[in-house]
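Order of writing sets the labels: A, B, C, D and E. Residues in every chain begin at 1.
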Amino acid sequence: MTYLRRKLVFYLIAAWVAITVNFIIPRLMPGSPVDALLGRLQQAGGTVTPETRASLEILLGAGGQGNLWEQYLGYLQNLIRGDFGVSSTYFPTEVSTILGAALPWTLILVGLCTCLSFLLGITLGMVIGWRRGSRLDNLVPIATFLAAVPYFWLALVLVFVLGSTLRLLPLTGGYEYGTVIGFNWEFIGSALYHALLPAITIVLSSVGGWLLGMRNMMVSTMGEDYVLTAEAKGLRPRRVMVTYAARNAVIPSVAGFAISLGFVVSGSIVTEVVFSYPGIGFTLLQAVQNNDYPLMQAVFLVITLAVLGANLLVDLLHAVIDPRTRRAV
Amino acid sequence: MSVLQADALVKEYLVRDGRRRITLRAVDELSFELLSGTTVALVGESGSGKSTVARMLAQLVRPSSGAIRLDGESVSSRGRGLRRYREDVQLVFQDPFGSLNPFHTVDHHLRRPLRVHRRVESRADEDRQIEHLLERVNLTPPARVAGKRPHELSGGQRQRIAIARALAPAPRVLLADEPVSMLDVSIRLEILNLIDRLKEEDDLAVLYITHDLATARHFSRRILVMYRGELVESGESDEVILRPRHPYTRLLASAAPDPRRRLGTDPVSSGLSSGGPESPVTPSVDASKRSTSGATEGDASGGCRFRQRCPSAMAMCAQRPPILPVGDGHTARCWLYRDGAGF
Amino acid sequence: AGGGATAITVYTGSTGQLTANFNPFILTSNQPARGIVYEPLMFINRARADEPRPMLAEDYRWNDDGTAITFDVREGVQWHDGEAFTSEDVVFTFELMQHNDALNTSALPIESVEANGESEVTITFDRPAYTDLETVAGSTFIVPEHIWSEIDDPATFGNAEPVGTGAFALETFSAQSYELTAHEDYWDGDKPYLDSLRFVSHSGNQSALSALTAGQIDWASIFIPDIENTYASRAEGNHYEVTPVYISTLGANLDEGPTSDVAVRQAIYRGIDRDQVNELNYDGLSTPTTPGMLMLPREEEFLTEELRGVVPSHEPAEARSILEDAGYTEGADGIYVSPDGEPLRIEVKVVTGYTDQIATLDVMRQQLAEIGIDLAPREVSHASFVADRDNGNFELVIDNLYGGATPFTLYEDFFASAGAPPIGSPATKNFARFRSDIVDEALEEIAATQDEEVHREAYGRIQTELAEQLPYIPILQSMALTQFDGAKVTGFPTQDDPYALPMTHSSPDLGVVAANLRPAE
Amino acid sequence: MTSTEPEPTTERTSDSAPVAIGAPVLTVRGLTVEYETEPSVRAVADLDLVLHRGEILGLAGESGCGKSTLAYALNRLLRSPARIVAGSVHLHSGETDIDVLGLTGADLRRFRWKRIAMVFQGAMNALNPVLTVRTQLVDVLAAHEPRTSAADRLRRCTELMELVGVDPVRLGAYPHELSGGMRQRVMIAMALALRPDVLVMDEPTTALDVVVQRDILRELTALRARLGFAIVFITHDLSLLLEISDRIAIMYAGRIVEQASAGRLLTAPRHPYTVGLLNSFPSVTGPRRRMRGIPGNPPDLSAPIAGCAFAPRCPYRRQPCEEHRPELAPGSMAACHAYDASVYGEDVPAALSRGEFQPIDTVEVIEA
Amino acid sequence: MAETRTPHPSSAAAGGLALPRSSRARGMLTDWKLRLGLIIVGLFALIGLVGPLLIADVGAISDEALHPPSSNHLLGTTQTGQDVFGQLVYATRGSLIVGLVVGVLATVLSVLVGVVGGYLGGRIDEALSLISNVVLVIPSLPLVILITNYLDGASILTIALIISITSWAASARVLRAQTMSVRSRDYVDAARAMGERTWRVILVEILPNLLPVIASQFVFAIIFAILTEAGLSFLGLGGIDYLTWGTMLYFAQNAQALALGAWWWFIPPGLAIALVGAGLSLINFSFDELINPRLRVPKSIRSARSASRKRRRS
């Protein structure tokens, strides 16, 4: 299908751009990971001599070999092999190992929350739009407010209120210390319990956007002739609302879903930090604080590729729900 | 006197059809001329290429081949030559709601062409001209109208503004692309009468594009009939409408609503079978392609374009028919008249 | 906090994902690798001027010129896997460093390592190495030859299943926490007394603090504001220790700019109200430092008579008269103008995000304004801070000076002219580019002998010079806070008995402390 | 109050098959609809209308005169800000007599489409772009005849498609895959699915080509002959209406100003507005005449109109026209004072009765 | 198909992106959403504009550390005895500067890319829209984090610049679509046919009709910028030369303000962000309603609904 092929080509280009940007940025910027690592060691009270620096330089392979083009080719080769280099924060652990451990947490937390808040927002938006002018409209300013609240601030306030003060929910971490990661109820239960607070934060602060978008589209769509026709056909209001109005109104939201995904991911990075959630966002902060360039780059790439992948999925979904896209435009 | 001549104009569009990119001949070797003081009507079904012709003549679209001649000279498509050409050839659009910028006042719409074409010396002169233009299109008092924005005017008034704008550079050719099809019946006449009057006053050559055969007949001296990019019939108005030769023109003429039929023959059973792509006869043709398949490369070589719908189709129609004379100044592109049968 | 636990939870400050890295040669490895799992030959206490204490070696001696050291290796020690620890392991470890620059992070000038029978190992250096004792004996962790000889590249060896000699051995590991359990056959008598230690990771102080106050952490070293109220008074057993760890200073550029004038440095020195800084930023927990640049009270014995009892004090009037005597005049805006006509507007660089230092500068800016000096803090990224500092691209920087077990380390690091290259080439430590013949001579004398008297006298000369020149204007002795749940465990070092540093992030001390902890009664 | 007695059936010059024009099927009395905007707009004012079984009633008038509003009101489809202020709509089907305006909830749903089905102007817009034609057809059947089996419904869909001359293969198509004509046919098929009593068609062919339009109208009249439903056909194309409808109602400013059989309307229009309309389009085949159209603009419906709404544009207006509103009295056939000498003060102007819009101008035949 | 439908007078304005009739604009101003939004944003703008002039020294420390709100310190003090209210005032200026700079830069970029691409079409458009689509799908915060981290102690303007570079694409896409829709209107062709030059067509004929959309995108860019900057600052990657709400939160967080119960230090900056964000969103609503008049809830719906509710209840 042409639509798909075009989309695939586009995402390949986008991925290539992201990969290349990732390669270029550090080469344009000052500072070196060795200096950063030394500084960090010093802070922790370690002994640093000129010789320490030398040995770290050997370890971290600072000072690239070959010209830029060769470096680029080498970089691409490494990427294809899944070799992001060695993290300086977690030396000598491979960056890919760290990512492997962090990724599932984020995927599950952010993925589930995003879908949840999308569904919730869409549903609420549908109903509010459908009953425009009713008391439900009062949800609109609330949603506006929620959409404008910074994720991390909401997270901290929730931590303060629900966690520290009321002691209802665990504050940090992905699971109880001591539980063994694996497919056992103790772990899964504990993981869910720990995910609750971050999940609430992400859902609360992203649901508003979906809700507003959907409401507006719903209101616009309700003016379409086919909705009127459906009503004239004597269909049940629920069917008119869902199959005729919402089904069409949701199309731009789905398209927007892809774009907003990047936004949600960004938001959850900060949220993970607040909750010490062992995901990719927190790993990014770690990398940033330690000037751990290999890790930072890898996290950026992984997030970007994940978002691109999700976008592709959404585009496929878009093709399913909007038959018009199936034909090439 | 011939002012503007179209000489074998062709316009091809590359369109995407599913996977393939196909060349669509929206206009195929169209030739005709416009005479000053005369209205020529261009009729045809939707998608037959009428607007494309107008846009080529207005130099909004570059012809794929063929030439446009003003006073017998090939015209330039850029720079000062283009500007001079635009002074002479002006276009009125179909949609009076779309052809005026909602952001600007009537004054702006009329002042710009005066300035662009340097028709004025001073601001006072400009104001006078604007007033004069508005008066000519019966918008009085001009002062009241000039400050308004398009949404404050009715459709008919807007169309009159559009005409006034077209008149501002004092053109010799007016291209009117369905100037009244979006207006209420009751005000259509007013606009058409206005164009007619201006034609007389300024000795304009007018190309009147429409799908309404009745007004085409009433307001023009000659009628050109287009079908899928081709000129299939041309001739004196009454000849073409009352004695159509090409089977397509016949179909068109019989399909036009006519209250007089009510008084005469039974409208529904009279005339040709239309047999269009929508008809049950050929239901499997994907009619959505109809609008884009005006002339795909496939059937460009494939003879008469009307033959699938034509009741008189014959073997010969697989070859492209030439334009044949069928009467005094009356031609048709149809094999039926290959041996002077028209006379 | 319940009574007498045999298992405690420890927070060493690790943030984010934990990785199973227990390679003691790598500074990014988990803290317990250095001290709890693996042990050094001797323990050198940095909390008190003790004699080195036996660990895997029972004693050591230098040869006459300090180019060789011989250790008496302890017998009867077992690795966690039951293999016997031998002198060969010690030889192996030092040879590993000798042949592998990446592991030899302190660049020990090792020439050869030899075992003299079962119980003696001699390490030979290519120069006198008295001053390297701390590294050789105190922070080189002995690894088992029978395992490490198999390793291709020890420098990047993750060592997820460490086998050491320490009091606790690794039991389980996850990205959020890991557990160490008691080594049954530990060499030191009944030790350890606890059954297990769990180490956990947090996103940062905030979440660690929450866990700490919730009783989920029993031993941690994190900064807690208003610790009395937010921690100590919250539960019965909550205790904390304050340990001075470094001297925070304003490092001056001695080669260029306004701070190259000693008068300016002296004025700043007197213009700072350290009590206010301490109260506002450190809850009054920091302790006064000495212009002699020693860690007090631990190194008090090395302080020259002259400086005893001298602490930096707030003397704004004195500061002004120093400036005026040096030819500075007060401008219309209250800021002194140098004899060259330059107003005393001094930029001080600070790493962005180091909030305590930024706050400190905020306070000092206001204090120095009163003596006619306009301090202008400028935040820069850590990377460029380091680069600017080392290359001499600054007027003032706020930075900490770290020492070692003896004053020598700090003096040599920060004050030897050998470490002061011209501006533009990076200095490793002496970024102020302090050059003084007096100090250089004294350092040479110290390095060449073990004679304590010679040391003391030479240190005195250095201190007098520093107090006069003030290349790094001392602010305060910064402290580390250590929290522990006394209702669960006892046996931590205290101010009265500083047998080791109590901080969870100081190696190898945490090994010594861990072995000494007992369930509370 | 009303002039809606049927014209004698004999007067109809019929289409293909004679259709017995029966009893009234839809009666509208005093219907008034307002848009409650600022200022409010009275789009339909005190409107009476009777539709008979099997007839095609043409509804013509300038843009904005309230045609669509009326159509929507008949099926209770008006949404806020529109509000039915007064009047009644009754549908008579066999024995039952349904008070349309009184319907609520499930009753209203059952009424819709079963009794009155609608075809809107743009079939592209009236078909849900994301559902297949089949789904949308089945929807109607499922909503009104829930007991039928799926197979049954599918069979019905096939029949319906055949009925309007579209290959049933196209049932699986999405609206955008069909041409405009096909879409409009699908709409008509859908409208006929439940054999409604009344079909309201609001400019159903405006967007179509003349040839396609002709095809569809041909089909429609044939279906009407077969199935016997009544049609309210709305358009402003009077020449089309004159050709296909039995009866025509001319609307102006929310009111019906003239009602007559198509034949009479064409030959003997009464209301000056009707006269003007008839003077607004040339005939394809007829003689050439000079025509004027109707100068001026329709009135602003948001301001109350005291007299005859057409008065400002009417060449025959007299003083009373601006003061009293003429009613469409049973005898008069046109809401015009000119036919009431007692009000108008003089006889019907001769030009008006000749069907001339401009009393001064004589019809100028340029060419035979 | 020939569109021969005669549009309603009211739908004409809806179809075009016409500027409001003055009456509509007046009607809008009475809209509580817009009014509330304007009041909130205006208030903060005022604070950011003149507030700092009234505050002597925002960095002034005192020995009154962590005092709760009092008449002396409206919002209490920080750990070093600095006045939180004073900081909030300065931070307002900083955050609004970021918002404005990004708003302007991102809007200019998106207009350049979107409008020019949409108008010119062809290869240029394909290239430009490829670029904007790529920029669009690359998540911006991680990229901004990456860049700011590599940068040498970025100033607030640098941060704003980086945020702008990563945040124009969505607007560009919207503007491109709108431009193409405006471009296909006859009045654009009319202007061309009349002989207007390309730049004039874009500037005079197209841009004015995009104003509501541009304004809406501008407002959105401001919200986005303020939120992004806050997130960055909170991670310790913010600008270093200016106080913003994000930096305040960062300092409060580092000093463990919440743990110390110093809510007055932590809550106000976050609330300010949320309020300004909400205020701007409310303003944006009105732009949305301007662009798409269907979104306006007619009064009568409301009154009808409330009437029917009353009826049901009684």
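In the analysis below, a contact is a pair of C-beta atoms (placed from the backbone, for glycine too) under 8 Å apart; a residue touches a chain by one contact, two chains touch by 3 or more.
Predicted model, so just to flag it, every value in this text is computed and none were measured.
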At the largest C-alpha centroid distance from chain D we find chain C
When B-D and C-E are ranked by contacting C-beta pairs, first place goes to B-D
Dist(centroid_CA(chain C), centroid_CA(chain D)) in Å evaluates to 94
Per the C-alpha means, the centres of chain A and chain E lie apart by a whole-Å value of 22
CA centroids of chain A and chain C: separation to the nearest Å works out as 39
Note: chain D sits from chain A at a C-alpha centroid distance in Å of 56
Residues of chain A that touch at least two other chains are 30-31, 133, 159, 164, 273, 285, 291, 327
Check: chain B positions touching at least 2 other chains come out as 46, 154-155, 184, 211, 291
Shared-interface residues of chain C (touching two or more other chains) are 210, 381, 383-384
Contacts from chain B onto chain D in the complex sit at residues 45-46, 154-157, 184-190, 193, 211, 213-215, 217-218, 238, 241-242, 251-263, 266-269, 274, 276-280, 283-284, 286-288, 290-291
The answer for chain E against chain C in the complex is residues 59-61, 63, 65-66, 79-82, 149, 151-154, 236, 240-241, 250-251, 253-256, 258-260
Interface with chain A, chain E side, in the complex: residues 33, 36, 130, 133-134, 136-143, 145-147, 149-152, 170, 223, 227-228, 230-231, 234-237, 249, 253, 258-259, 263, 266-267, 269-270, 273-278, 280-282, 285, 288, 292, 294-295, 297-298, 301-302, 304-305, 309
Listed in rising order, the residues of chain C that touch chain E in the complex are 205-206, 209-210, 213, 224-226, 230, 276, 279-281, 352-353, 355, 358-359, 362-363, 365-366, 378-381, 383-384
Seen from chain D, its contact residues with chain B in the complex are 13, 15-16, 62-63, 165-167, 169-170, 176-179, 181-182, 185, 209-215, 217-218, 221-222, 236-240, 242-244, 262-263, 266-267, 276-277, 279-286, 288, 291-295, 297, 367
